[in-house]
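Heads up, there are several structures right after this.
Presented sequentially are two complexes of subunit A, the first with subunit B as partner and the second with subunit C.
Coming up: the complex of A and B.
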């Protein structure tokens, strides 16, 4: 019996309604709020945002994080994924251990690294016991911006590489073994096999992983907040400060819209740059 | 699996049983932004509200407090009758007509000895009483006794100047290699209050009007020198009691409620002294928490009764003993105070009684712009002290922001600035 034409629409209607109510409506409200200058529409909130003393630093820090963290994570996840592929025993256990950080919330991850890196933390204690430092050394304040930056990078890599890994592992498993065997017959080196077979066939997974991770990296907040507080301004952090401490919802909304615009732009760039053959998307 | 299911069902039933009476009985709901930590909230429920009409005491973070009050009003359904919050948190509610005038409650309390100035503050610039002062506190310097040997010659620890504090910090740094002065300049710290309530008025005798004066320039230059001896982690500190207890900081400025744990844990280790003085005097900021009744409160009469209960001398003294906020009424503290609380009480007395004291009140009349007012001061600090921008240029440009803010809100001057007609001017 043929299904009525409207059935698929009926089935997706609840989720569409849900998204409209809890995503599109607040989104519209936020955009409106960001253009609300008190008397009619204006760019006052955006002017305030761009003119704020933390804005250039927040923008620079956020982009610096994305530029350093994302390639690191993709490279690490690729290496880890290929290692898993070669393993015959204990693969599940290793994968399980590597994905533990996925179950930890952002803030908790930040706090874990804070416990390690702060003055009285584990790292300081260890260095002190080995006689490498003479007393508590601070790494996470405004006088040590580079150390603070690397602490945030470390925490982010630890926390969020697993999601890239999972997407890539799934992609690697989809690559037919025959290609590799054929390459072996022709005497291809492992590097050539990786370049000519694995990487091209992994492109759809890489694209998904990159989009997901980049969007999330632009929204990074809790880890930075835990480790650096105000010492490391980032875009979402500024949105939080304007909303919570400065109590100016308009400027906070402008920041939120900015984050969304950057995320959308990043997605478009990835979709264009890593254009995937429609056949490979199946 | 069955056990889990049974547990879940049991938990749900228990929850339903616990929730049911709360939903049925018309208890008075008392929402507070103060005394939020679990142990303090428990003390409110078990000690301070003992003998008061039946009250459900709930707490909320200040930003959510404002959001909740607005939402209830917009929905036209009040659940909250009584609120307890800081002066600055109640203030934005006055123009939105969220507060009920309580002149009747004020009249009943007229004999309790609440200072007229505090009562006036409770009118929030209107002609009627918007809140009743509930309890008060202030900001002090807490000194660990290890720091005393390094005190510069001729300096009186109870009457320090900013220059002496800088010299003290430097002496400690030179001798121990550590920077031991601390300020709560972290995201949840109250550092903006230090700048606007202590530092700037100590040099200018003003919080707003003289913001960019030559005297302010001197104050900022002195403070920049002082900051060189401040612990580099200061930008991460929210409450000073932790670094004090850890010995990471020896001299800390903070709100008394945020150092109380250190003092009650080891009272023998500390002194509590007034904040330093600048060229104009020793500015300090009294903090007032108030009790207000919501407009259209479901239980107005009961709320008024709870206010009267909380302002009884016995309750006020218990408040000081249990949570370290001090009476607003005329109630002498007993001699057998716990040692930590006694330190705080003495510290407040010394601060209020200092010969050169200048009272800098919490900002009034800024509506919901209180956060942005704080930002002006914190940004000034960030630019001058942390980023090393030239003092004069920063003061000029931040004064511009402050002026816009004052004009927007049309807030008249408050102490220590002289009363103004219309918006408080920034000269």
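Coming up: the complex of A and C.
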């Protein structure tokens, strides 16, 4: 059947129009808004953002979270993925259980860990029973920033490792079995097989997982609010505060542009650092 | 595998299962226990006094039902929009080669490199002007921007998995392109499309930032919980968190067969 040349364009037109209206236009507007100083373009919003008391803390906290959470997640997801590869019975069930957090909202994940880590929560009960503490102890206030940081790390690792796992398992499934069998014949150890076969062939999946997770990690927001309220400033949380409480859309937009710039830079770095040659990607 | 290694392996799998499940069980206890359980010390790990009265009390708070309803409406609209817009694009990507295809793919992939929810900030201004501010429809539009690229990539991988020859055979038997699509391709693709739709629903149901920025009175459940977070008692927060989680767990169960098909290809 001859293909009408306009058909594919007709099919993609609605989504192109939609993404233009709700991705490209607001993207441009955020940038404009961030440079809007009342009369003409100015850097006033950025100056206010950088001069804000919470700014350096928010920046430091966000980066620290990304740097700690993402390697943990990738390592954990790799271990889980390799375990699944070996599994013969019960694979479906274990897989479902491990991917449950994928459906859990970041807000709900924060609340889950709040139930465990709050003053009279389950962690403290456990520590109490081992005789390690004498009564309810607080971890999640502004006097305990390090404990609060690790609480957020726990909640994030719990919630968002599933997405890395799924991308990696999908990648592992694409690796031909023959490679491993050949390596067995030559007497390769499991560690050598992992380093020389699995890891290099997983590069495209690792790249996608890292990009997706990093972008989302810089957006971290609700987990932190659920656990520590305003006690642990982060970039997106500051954008929310400037927009909703201070009603200052300009500074909020400056924060948004900052998040986007960092995400984009991270994406470019991953694309360069983990360059995938086109043949491996096919 | 040797016996000790096997033991280590099985233990590892079980520990990781517990790592996922135990926290959900614990927030369930927190949600069911009500006010008394929250301050009880030390806590018991068994559901001794669990009841649904605490959850029911949470649902009776003014605004919770309305918020849950708004979440449901926003998520359903997101599901509808992202499939209606995304599936045709997915089909085009799978079946045609056309000029601008790679530009379109780039546009779709670019959305992944941006924290899209942040783009809700300038939309408040426009939405106030056109009357979309503080409506579930307005929220669903930005959520569709989040879910649409995903829907397009996932459906394209689905359609690629259905051999072109099936369609060509239908043409030979006199079907038009549309008839062939409807009678041959669509029935085969439908379960996968349903999975992608459920996923769009979950994306919207869980999203916090955009929903919070775009609503004031007609909050979604996540936006409502975030807004009342600092002043509501702990057992209400746990009830809210638990109610957010339950549908997601069921949805992931419903789409479990498709999770890899979806990500395997869309991650390329």
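Criterion: the second predicted complex is superposed on the first by the 280 of 282 C-alpha atoms of A that agree within 3 Å, B and C clash if a C-alpha of one lies under 4 Å from a C-alpha of the other, contacts with A are read in each partner's own complex, and residues count from 1 in each chain.
In this section, a contact is a pair of C-beta atoms (placed from the backbone, for glycine too) under 8 Å apart; a residue touches a chain by one contact, two chains touch by 3 or more.
Nothing here was measured: the structure is a model prediction, and the numbers come from that model.
Of the two partner chains placed around the shared chain by superposition, subunit B and subunit C are both touched by A:229.
With both structures placed on the common chain, the touch criterion links A:158 to subunit C but leaves subunit B unconnected. In the superposed pair of complexes, A:44 makes contact with neither subunit B nor subunit C. Once the two complexes are overlaid on the shared chain, A:53 sits against subunit B while remaining clear of subunit C.
Legend: residue contacts after superposition of the two complexes on their common chain; A:142 is shown touching subunit B, with no touch to subunit C.
Within the superposed three-chain model, A:121 lies in touch with subunit C and out of touch with subunit B [touch as defined at top]. More subunit A residues lie in contact with C than with the other chain of the pair subunit B and subunit C. Of the two partner chains placed around the shared chain by superposition, subunit C is the only one that A:100 touches, whereas subunit B remains out of contact.
Contact with subunit C, but none with subunit B, is seen for A:111 once the two complexes are overlaid on the shared chain. When the two structures are aligned on the shared chain, A:244 is found in touch with subunit B and with subunit C. Residue overlap on subunit A between its contacts with subunit B in one complex and with subunit C in the other: 120, 135-136, 225, 229, 243-244. Residue ranges on subunit C touching subunit A, taken from their complex, read 9, 12-13, 16-17, 19-21, 23-24, 26-27, 29-30, 38-43, 45, 81, 84-86, 88-89, 91-93, 95-96, 98, 100-101, 104, 107-108, 111-126, 141-142, 144-145, 148-149, 152, 168, 171, 177, 202, 205-209, 212-213, 222, 225-226, 229-230, 234, 237-238, 240-242, 244-245, 248-249, 251-253, 256, 259-260, 263-264, 267-268.
On the side of subunit B, the complex with subunit A involves touching residues 63, 66, 177-178, 185-187, 232-236, 246, 248, 368-372, 374-375, 379, 382-383, 386.
Across the interface of their complex, subunit B is touched by residues 53, 119-120, 135-136, 138, 140-144, 225, 229-231, 241, 243-248 of subunit A.
Of all residues in subunit A, those touching subunit C in their complex are 1, 3, 5, 7-9, 11-12, 14-16, 18-19, 22-23, 26-27, 29-30, 33, 79-80, 83, 86-87, 92, 94-108, 110-116, 118, 120-122, 124-125, 128-129, 135-136, 158, 166-167, 169-171, 173-174, 204-205, 208-209, 211-212, 215-216, 218-219, 221-222, 225-226, 229, 236, 239-240, 243-244, 249, 252-253, 256, 259-260, 263-264, 267, 281.
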